[in-house]
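Letters A, B, C, D, E and F name the chains as they come in the text, with residue numbers starting at 1 for each one.
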Amino acid sequence: MKTVYIVRKEHFNAAHKLWRKDWTAEKNEEVFGKCANKNWHGHNFNIFVTVKGIPNPETGFVINLKDLSAIIKKEVVERFDHKNLNLDVPEMNGILASTENLIMKIWELLESPIDLAGGTLAKIRLEETENNFVEYFGGKEPY
Amino acid sequence: MKTVYIVRKEHFNAAHKLWRKDWTAEKNEEVFGKCANKNWHGHNFNIFVTVKGIPNPETGFVINLKDLSAIIKKEVVERFDHKNLNLDVPEMNGILASTENLIMKIWELLESPIDLAGGTLAKIRLEETENNFVEYFGGKEPY
Amino acid sequence: MKTVYIVRKEHFNAAHKLWRKDWTAEKNEEVFGKCANKNWHGHNFNIFVTVKGIPNPETGFVINLKDLSAIIKKEVVERFDHKNLNLDVPEMNGILASTENLIMKIWELLESPIDLAGGTLAKIRLEETENNFVEYFGGKEPY
Amino acid sequence: MKTVYIVRKEHFNAAHKLWRKDWTAEKNEEVFGKCANKNWHGHNFNIFVTVKGIPNPETGFVINLKDLSAIIKKEVVERFDHKNLNLDVPEMNGILASTENLIMKIWELLESPIDLAGGTLAKIRLEETENNFVEYFGGKEPY
Amino acid sequence: MKTVYIVRKEHFNAAHKLWRKDWTAEKNEEVFGKCANKNWHGHNFNIFVTVKGIPNPETGFVINLKDLSAIIKKEVVERFDHKNLNLDVPEMNGILASTENLIMKIWELLESPIDLAGGTLAKIRLEETENNFVEYFGGKEPY
Amino acid sequence: MKTVYIVRKEHFNAAHKLWRKDWTAEKNEEVFGKCANKNWHGHNFNIFVTVKGIPNPETGFVINLKDLSAIIKKEVVERFDHKNLNLDVPEMNGILASTENLIMKIWELLESPIDLAGGTLAKIRLEETENNFVEYFGGKEPY
C-alpha cells in the first residue's frame, strides 16, 4: 500500500486589511502595522493543494488533476479572485483576514469536495508573498 | 566610453480597481472585467529600475546601489506600499490605475532624483503578476 | 507621444526532436546531440509576447490583456500545447523544430491578429528551459 | 542524535503520453485529456531527492552532494533525459507514465544506491510543471 | 485545537570554505572538492523559518511576522550577512561550515527567542543554491 | 535577413569584497558598506549570454548551444567558480570587483571565442542577487 501525494497550484489576486473595529486606530496600527491601512492593500496569493492516496491502477492517478483543478477553481478561485476578502466573501464575515484564518477556512471549503472526488486532502500551502506563507495539515502536527 | 546598465528590484503590495465613473457598471465590467470589482482587489508588484552610465573609475559603480535603493524606496515604495492606488496616492488622482499609467507616473517620480544622484534612468519594468507586466523607456522606442 | 511595452506570458508543453532525414544518424547525433533522440523528447515552453503602443486615454491600456491573452491562446497555445511540433503542427512542416525557427514562425502567426486588435507586436521571448531561450524582434537588431 | 535532511535538485526533459491500449480513443481522451495526444507531448521535469541522516562529525555531511548528484544522474537523468518515457525506458514498460507511477519507480531506482553511499532516502519530489507535481515518502504517510 | 504553520523567508550573503587543518590539501580537495578552495568562495543563502502554533483568536496570528522577521534578522542575518562563516562568526568557531552544521547552529540561535515570542520553532530550510539545500526539524524525524 | 537572439544561462559561486587599499577603512565602509567586510563575503552569480545571428538554414541554429555553453564554461565558469574574485583571478588583478567591472571583463573574455564559433556576442546579464544585477551591450546604448 503505497501512498503518493499530488499537488496542484492555483492563484488568486485579492484585497484585504487587518483591522479590529473594537480596537482604536492606534492599537490596530501597533499590532497590524501597514496591514491596517484603512483603504486596503492586496496580494497575489498562490495556493498549493496536496491530495494523498494510493494511485488507481487503471489510471495511475491519485486524483485526476483536471478534477482537482476544477474543485480549487470552484471553491477558492471563484470565491476570492479579484475580490475584497473582508467585504466580498461571506465565508470570511466576522473573521480577521490573516493568512492563518484564511487557510483554515479554505481547508473547510476543499475537504468535502476532494473527498467526494475520491482523494484525501493532506496539506494546503498559501503564499501571500514569496517571503510570507502558511501551511496547514487540517490542524494536525506532523512535526 | 563604455555604458553599463545596473538594475535594482524592489516591491510593494497595493490594492486598486479599474473603473470609470462616467461609464455604467456594465461598460466598466465589459472593458475591465474582474479588475472592475467595486470593492477593490490587489497585487504584489515588483519593480525593476535600470540606470545607465559609465562606471566611476574610483568606485567601479554606475550608481551606488544603496543610493538607488533609497531613491526607489522613498519615491515609490513609501508612496504605494500597503496603499490603495486609487484612494491613497495623490499622484494617481484622476488617473486610471492601469499598469501602463502607473509606470509612466513612476518614471516621472524617479527621473530627477536619479539624475541628481549622478545616474540616468534608462528603463523601468513593473510586474503586476508573473504573467502580466509593462516596460517603459521614458516613451522612447528602442525596438 | 509615450510608447509603453506590455507583456503577457503563456505556456505550452510539447514534444519535438531535431533531425534531418537527409543526414545519417551519426551526423544528426553529432550536430543535434541528445535532441536527435528518434523517439522524441519534450519541454515546458514559456512564451512572453510584448506589444507596444501609446496607452488609450480612455482605458489606460496599450492593448486589453484579455484580448492579447486570447490571441496568444488561439494562435499559439491551441496549436502547440500537448502536441508534437514535428508531426502535429502543419505550420512547422518541413521546418527544423529549433527554438529559432519556432519563434520566427510564432511571430508570423501573431503579427496580424495583434495588429487587428490595435497593438504592435514588438518582441517575443520563447523559453525552452530556464537555461535556454530565444528572443526575436521581427528580424530587427535593436542591439 | 540529530537527523538532518539534505536535498539535491536535478532535471530531465522527456516526452510521454497517457494512453491505455485496451481503451478506445474516446475513453483515453475522456480520462487523460490532452495528455492522450497520440504523437506525444513533453515536459521539463525537476526532481528533488531528500536524504536524511546524522551528519558525519569528520566531514559535516549527511552525504557528500557530489555522490548524491552522481547517483541521481546515473539512475535517473541518464535513463530519462531526452527520452520517451513510454518507448525508451525499459523500467517503465507496461506502466502508465503518470507522475505518480514515475515517482514510485524512481524511488526503487534510488533507494539502494543511496543506502550503499551511507544515506537514507527520505523523500522525492517530482515536478512535471510548476503547477503539477508529486511527492513520495516511500509509501509512508507522514501527514 | 488547530495547529497552523507560518513561514518567513530571509536571506544573507556569505563566504566560506570547507577545510580541515588536520588533513592534507589533497585529502581536503578529495573530500570537499571545489569547496576547499583556500581563498574562499560564497553564496546567496536563503533561510525559511517555520513556526507552529494555534492562531491567537484576537489577532488571527500564530506569531506576528514583524516579530518573527526581527528575530531572524537579529539572530541570523546580522550574524552571517556579508560575513565569512569561518572567520567572522564566533558561534561557528571550530565547526566545519557545511550547511548541515550551519542549520543545526541556526536552530540553537532561534529556538529560545521564538519561544519567548510565544511561538514554537518547527522547521528550518536553508538554501545554499537552488540545487542544494538542507531542512531540519530540531533533530526529529517526521519522515 | 532575420536576426534571432539566443540566450544561455550558466552560474558560478564566488567570494569577493569591495575595498580600495588607498582608502582608509572608514572611507571604504562609507562607500562600499557591508561589501567592504575585510574577510570577504560571496554570492551565487547567474550569467545570461546573448548571441545574435541569422539562423543557419541547415541546422536552424544561430549558434549550437553545446558550443555556447562550452565557451562560457571555459572562459567564465572555470575562471570564477568557487574562487575569490580578488585573489584567484589574474584578469581581475588591480580591478575593483564590482559587478560593473566584472561584466566588462567577461565581455572581453567571451567576445572572440563566440566570434570564432560563428556568432556575435550581443548582450550579457550578470546577476549578483535576485535584487541586484547588471546588463551590458559591449558599451553600446540601445536605450
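We adopt the following convention: a contact is a pair of C-beta atoms (placed from the backbone, for glycine too) under 8 Å apart; a residue touches a chain by one contact, two chains touch by 3 or more.
All figures in this text were calculated on a predicted structure; none of them were measured in a lab.
Visitor: Using just the Cα atoms, superpose subunit C onto subunit E and tell me the rotation angle to the nearest 5°.
Guide: Angle of rotation between the two copies: 180 degrees.
Visitor: Where the centres are mean C-alpha positions, what is the separation of subunit B from subunit E, in Å?
Guide: Measuring from centre to centre gives 34 Å for this pair.
Visitor: If you average the CA atoms of subunit A and of subunit F, how far apart do the two points sit, in angstrom?
Guide: One centre to the other, that is 41 Å.
Visitor: Between subunit B and subunit F, what is the separation of their C-alpha centroids in Å?
Guide: About 28 Å, centre to centre.
Visitor: At which residue positions does subunit A touch at least two other chains?
Guide: 130, 137, 140, 142-143
Visitor: If each chain is a dot and touching chains are joined, what shape do you get: line, ring, star, complete or other?
Guide: other
Visitor: Which chains touch which?
Guide: A-B, A-D, A-E, B-C, B-F, C-D, C-F, D-E, E-F
Visitor: Residues of subunit D touching subunit C in their complex?
Guide: The contact residues of subunit D facing subunit C are 11, 13-16, 34-35, 37, 39-44, 81-84, 87-88, 129-130.
Visitor: Once bound in the complex, which stretches of subunit B touch subunit C?
Guide: Per the stated touch rule, the residues are 18, 20, 31-33, 95-101, 103-104, 130-137, 139-143.
Visitor: Mind pulling up the subunit E residues that touch subunit A in the complex?
Guide: Residues 1-10, 50, 52, 55, 58-62, 64-66, 122-123, 137, 140, 142-143.
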